[in-house]
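Labels for the chains are A, B, C and D, by order of writing; each one numbers its residues from 1.
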Amino acid sequence: MPLVQSSAAVHTTTVLDRTELAPGVVVIGLHAPDLVAVTRPGHFVMAIPPSGERASVALGVYEAEGERASFMLAVVGSRTRELADVAPGERVEFFGPLGNGFDLSQGHKNVAIVAGGVGIASVLLAAQALVAGGARVRLYYGARTKALLADADKFEQAGCAVHCATDDGSLGFSGFITDLFAKTEDRPDLVLACGPSPMLRAVCKIAMQMNIQAQLSLEETFACGVGACWGCVIPVERGSAQAPRFPMLSTDGNRGDPVYARICREGPVFWAHELRW
Amino acid sequence: MPLVQSSAAVHTTTVLDRTELAPGVVVIGLHAPDLVAVTRPGHFVMAIPPSGERASVALGVYEAEGERASFMLAVVGSRTRELADVAPGERVEFFGPLGNGFDLSQGHKNVAIVAGGVGIASVLLAAQALVAGGARVRLYYGARTKALLADADKFEQAGCAVHCATDDGSLGFSGFITDLFAKTEDRPDLVLACGPSPMLRAVCKIAMQMNIQAQLSLEETFACGVGACWGCVIPVERGSAQAPRFPMLSTDGNRGDPVYARICREGPVFWAHELRW
Amino acid sequence: MTDLSVSLGKLQLAFPTLMASGCYGSGEEYASFIDLSQVGGIVLKSVTRWPRLGNATPRLVPTPSGMLNAIGLQNPGIDWYLEHEVRKFADRPCAIIGSVAGFSVDDYGYITERLARRKEIAAIEVNISCPNVASEGETFACDPQLTKKVVELTRSVTDKPLIVKLSPNVTDIAAIAVQAQDAGADALAVINTVRAMSIDVDAWRPRLGNIAGGLSGAAIRPIALLAVYEVARAVRIPIVGQGGIETPNDALEFFLAGATAISIGTANFTDPRAPLRIVEGVRDYLQQRNLKSLKEITGKANVGFSNAHQYEGDEG
Amino acid sequence: MTDLSVSLGKLQLAFPTLMASGCYGSGEEYASFIDLSQVGGIVLKSVTRWPRLGNATPRLVPTPSGMLNAIGLQNPGIDWYLEHEVRKFADRPCAIIGSVAGFSVDDYGYITERLARRKEIAAIEVNISCPNVASEGETFACDPQLTKKVVELTRSVTDKPLIVKLSPNVTDIAAIAVQAQDAGADALAVINTVRAMSIDVDAWRPRLGNIAGGLSGAAIRPIALLAVYEVARAVRIPIVGQGGIETPNDALEFFLAGATAISIGTANFTDPRAPLRIVEGVRDYLQQRNLKSLKEITGKANVGFSNAHQYEGDEG
């Protein structure tokens, strides 16, 4: 099952709008028709911090419609802070779209999407495409607290059923979103997920138990983002669709399974059953 | 002639106002009554860039009245950019006041002040103090272009005669401010100067020729700003008031003249005749 | 026209900019972002005798003005490489420089001989600044005798230009440089990454799977620049300066210190157009000063210790 | 109460924070900004046998996440120092550690003997990472034999605690550390600045009057951390970690790597309160984890090479 390939370039864009969803979470809308034209659900870009003094930052493409694309930023360090500080009219540069997105080609009809925190940014396009293709789509969306769930209505508008959870119980289910998802009696035929690593591992486990296929969008520290440095790897099953097509000693030091694939290039979306983490 | 000693502390202040005088030149007004209480003409502070990721920046104290002190910033690099970007209500921290300021204790009656660029920021307090003490004060103020002369009226309000020069002739005398100053037939009995090194050297020469005493406020790259690292030194005459009071091999490698004084501690204001540069 | 071409021994480069080994894949990864005919050449990821999985994860850690990496030479090994990879390089519009890494002196000779035979490969970079299992964790470039042996052997198996890549993690890099030169190197790459580490204070564990890694990026630029300056004073062969070069100004510092060409690694990660901006800025600089070629500035900050007080100078 | 006291041999420190030599004057310069009873100790600017003017200017250059300095040990010489300076240190509310620098082995013995005799001085830091004119520009800390000789001599002239300050500009810092330990050092300061340079591309000249200088600040933190980690695995005596420590997190990395105490240099220039913030943050960290003292974390990230793939590990 080959995943979607991207067609990338360096983009110089202008900030159209900037919305603070919650303290430290910002959506930046950009005039980026060229990106909109080529980006696919699950793609990401490498955003170049305005001062040019810092390394570029991987960001999922959140919205892409008409001439506007947007990114959702959680301010966690100096690079995301610098990017989140841009004002309308200012310039933002990035290169992309990059990576292999979600594989939505297989006609799944009942899809559950599980998202944690700003992981939500990487699944909206997928939700829209699935609904457009006739699938019934549910979003399970978890965050630390209510304020962070601000953009859930975008999924409702897209035609998804939305189930929320907060760690502090300030909205929806009180607890982890994966606990809520695990309770479902309406078994989906596909799960997509994006969020922190522990959440993805939990999704992976639940999907295995339910015997459903799952696609996970992974996050790691990136350097190049384009597959050039082999810094962002994860163990996958040798011979899987996403394993690199050349010989490698395995992680066991033998010529066996598993081997390392690049998250930025072979991913960031992986089939759960091909991962060996 | 001992120069004025400072009494320093770390100050946490709030931005009151921010004015862009010209592209890349900003005045930041701060609520800083404690600084106003102790600062003297010619003092500087070390401003801590808000992110805390960069080294602190030496800034002359521009205005100091009531509860408000201000700094004038020329944006030349990443640290000055970060500081110039603060908005009213935000916090700015600095330590100071530091250094020895101008010596205005000797009853000079006819004083010429020569300033270049943001060097102007280090001489306003001196102009005000001199006028208050009954001296006749002239300002010779040079900048690259007209827009940079925006704050010259502060000196008029203080009761100074103002003579301007621009490199591009867009306002006042066309050429270097020192050329304008050199033409004066009204010989002052004291010259104060602050600005780029070549300007200070020219002032020094003119003052020697006119046989007038001059005090120069020098700029160098600082590390500590408090006299701890010996990084910011300049050669002065051994035995002068501002020479460090301990043995040093001289710059000639012999036990002779000159020796190194710290600009941040023994200066930043030096008597021109004590410098050996 | 300002001439930006340079030569490293017999290797002619239209531009003085190489893309650093391990940072640029085989160039294909960057082809959609910049016109590869505008870079001098691409140094391929180092290849070893056997396939290598590389190090355990994590392999990357961001640090102030830089980054740590410990990739561990993940690569398919020379057999697969010759059969499947090398032919893809035939139509690259710039010089393609192979990079070889070994775990014994013999490895270097074996891989160099096989790789250098291929017409797609214009020159060989001998990466002796990678670990040497044979001598217990030390790298070849930390030992003048091993440096000499490796370079002599690789020299004996090919006439193609040999660039020997040195490590900064040594007491006296100039002494190693002289060994490499005397053993037959055509040029020297100065420097590889600086050994460093980072610790996760919540997990009480090194952040890199490999514990230690190599520091690259702007943080090491002043260290790399001094290394180039000192090597330039010790050898007669050209130097490829590298370590944190991001802007035209950075590149000019290295040329003035004595580098004939430069390599760009980490800066590509921030912005793939960095190599173009650097070349443009260097060209402007030369034009503004009416300088016809890079030769007119190479090594020109390489002053003697002319300062009167140098005899008592130090870094205290 | 969380115990933040540490000992370096017989030297007891109420806090694990030393103010680094050359960065803190004699403490008087910072007394109006912080309460000096809240720092562990102050390492004085290095003193030499004769008065020194120091290097030509400029002596400072800002670099990415760091700075270069080439002060050149400007100081009044040991005679004036003993007569006029040392008595001023009597009432400092923290430990005062003298720092000695020499240009011959003999210098170290002579200065240490005279300085250590003074009651104001609690311990001596032996700065062997400064230039050694006798051995042609190399520093003592680059040569295991010279390190041994200097430490043996200084050991023979005083019973006060001796901290030997090592240079990172060596192939194998752990080997030098072992020499210093075996020759009688009570503790090791790891690391001094990293040799580096910067060039003014308009003037075609090095930016420092001294050409080369020492890099300090956050840029070198990952380099310093690895040096501490490696030295800690090689010696039994305590280590004073230093190089770019700015935050509690940075300090904790050094403790986990094996440092018993830390020194803070360049961070004071950004914010004189840095030492207080670091102590506060370290205390919070220990309290949150119910740890009673620093001993419980010292060296705890000092894992063996347990990773299964380490055998093929490198920094490529």
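We take it that contacts are C-beta pairs under 8 Å (C-beta built on N, C-alpha and C of every residue); 3 or more make two chains touch, one makes a residue touch a chain.
Owing to the predicted nature of the structure, the values given are computational and were not obtained by experimental measurement.
The set of chains touching chain A and also touching chain D is given as B, C.
Relative to chain C, the chain whose mean Cα position lies farthest away is B. For this pair, chain A with chain C, the centres built from the Cα atoms lie 35 Å apart. We define each chain's centre as the mean of its Cα atoms; on that basis chain A and chain B are separated by 53 Å. Separation between the centroids of chain C and chain D, computed from CA atoms only, is 32 Å.
Within chain D, contacts with two or more other chains are made by residues 22, 52-54, 56, 64-65, 69, 71, 218, 308-309, 311-312.
Listed for chain A are residues 53, 249, 251, 253, each touching two or more other chains. Residues 7-10, 48-49, 52-56, 93, 95, 220-234, 246-251, 253, 259-260, 265 of chain A are the ones that touch chain C when the two sit in their complex. Against chain B, in their complex, chain A makes its touches with residues 51, 53, 78, 81. Across the interface of their complex, chain A is touched by residues 22-25, 29-30, 32-33, 45, 50-54, 56-62, 65, 67, 69, 71, 74, 76-77, 80, 84-85, 217-218, 246, 266, 268-273 of chain C.
Of all residues in chain C, only 22, 46, 52-56, 63-66, 68-73, 101, 127, 130-131, 133, 142, 169-172, 192-201, 204-206, 209-215, 218-223, 225-226, 229, 244, 249, 252-253, 256-257, 285, 297, 300-301, 303, 305, 307-316 touch chain D in the complex they form.
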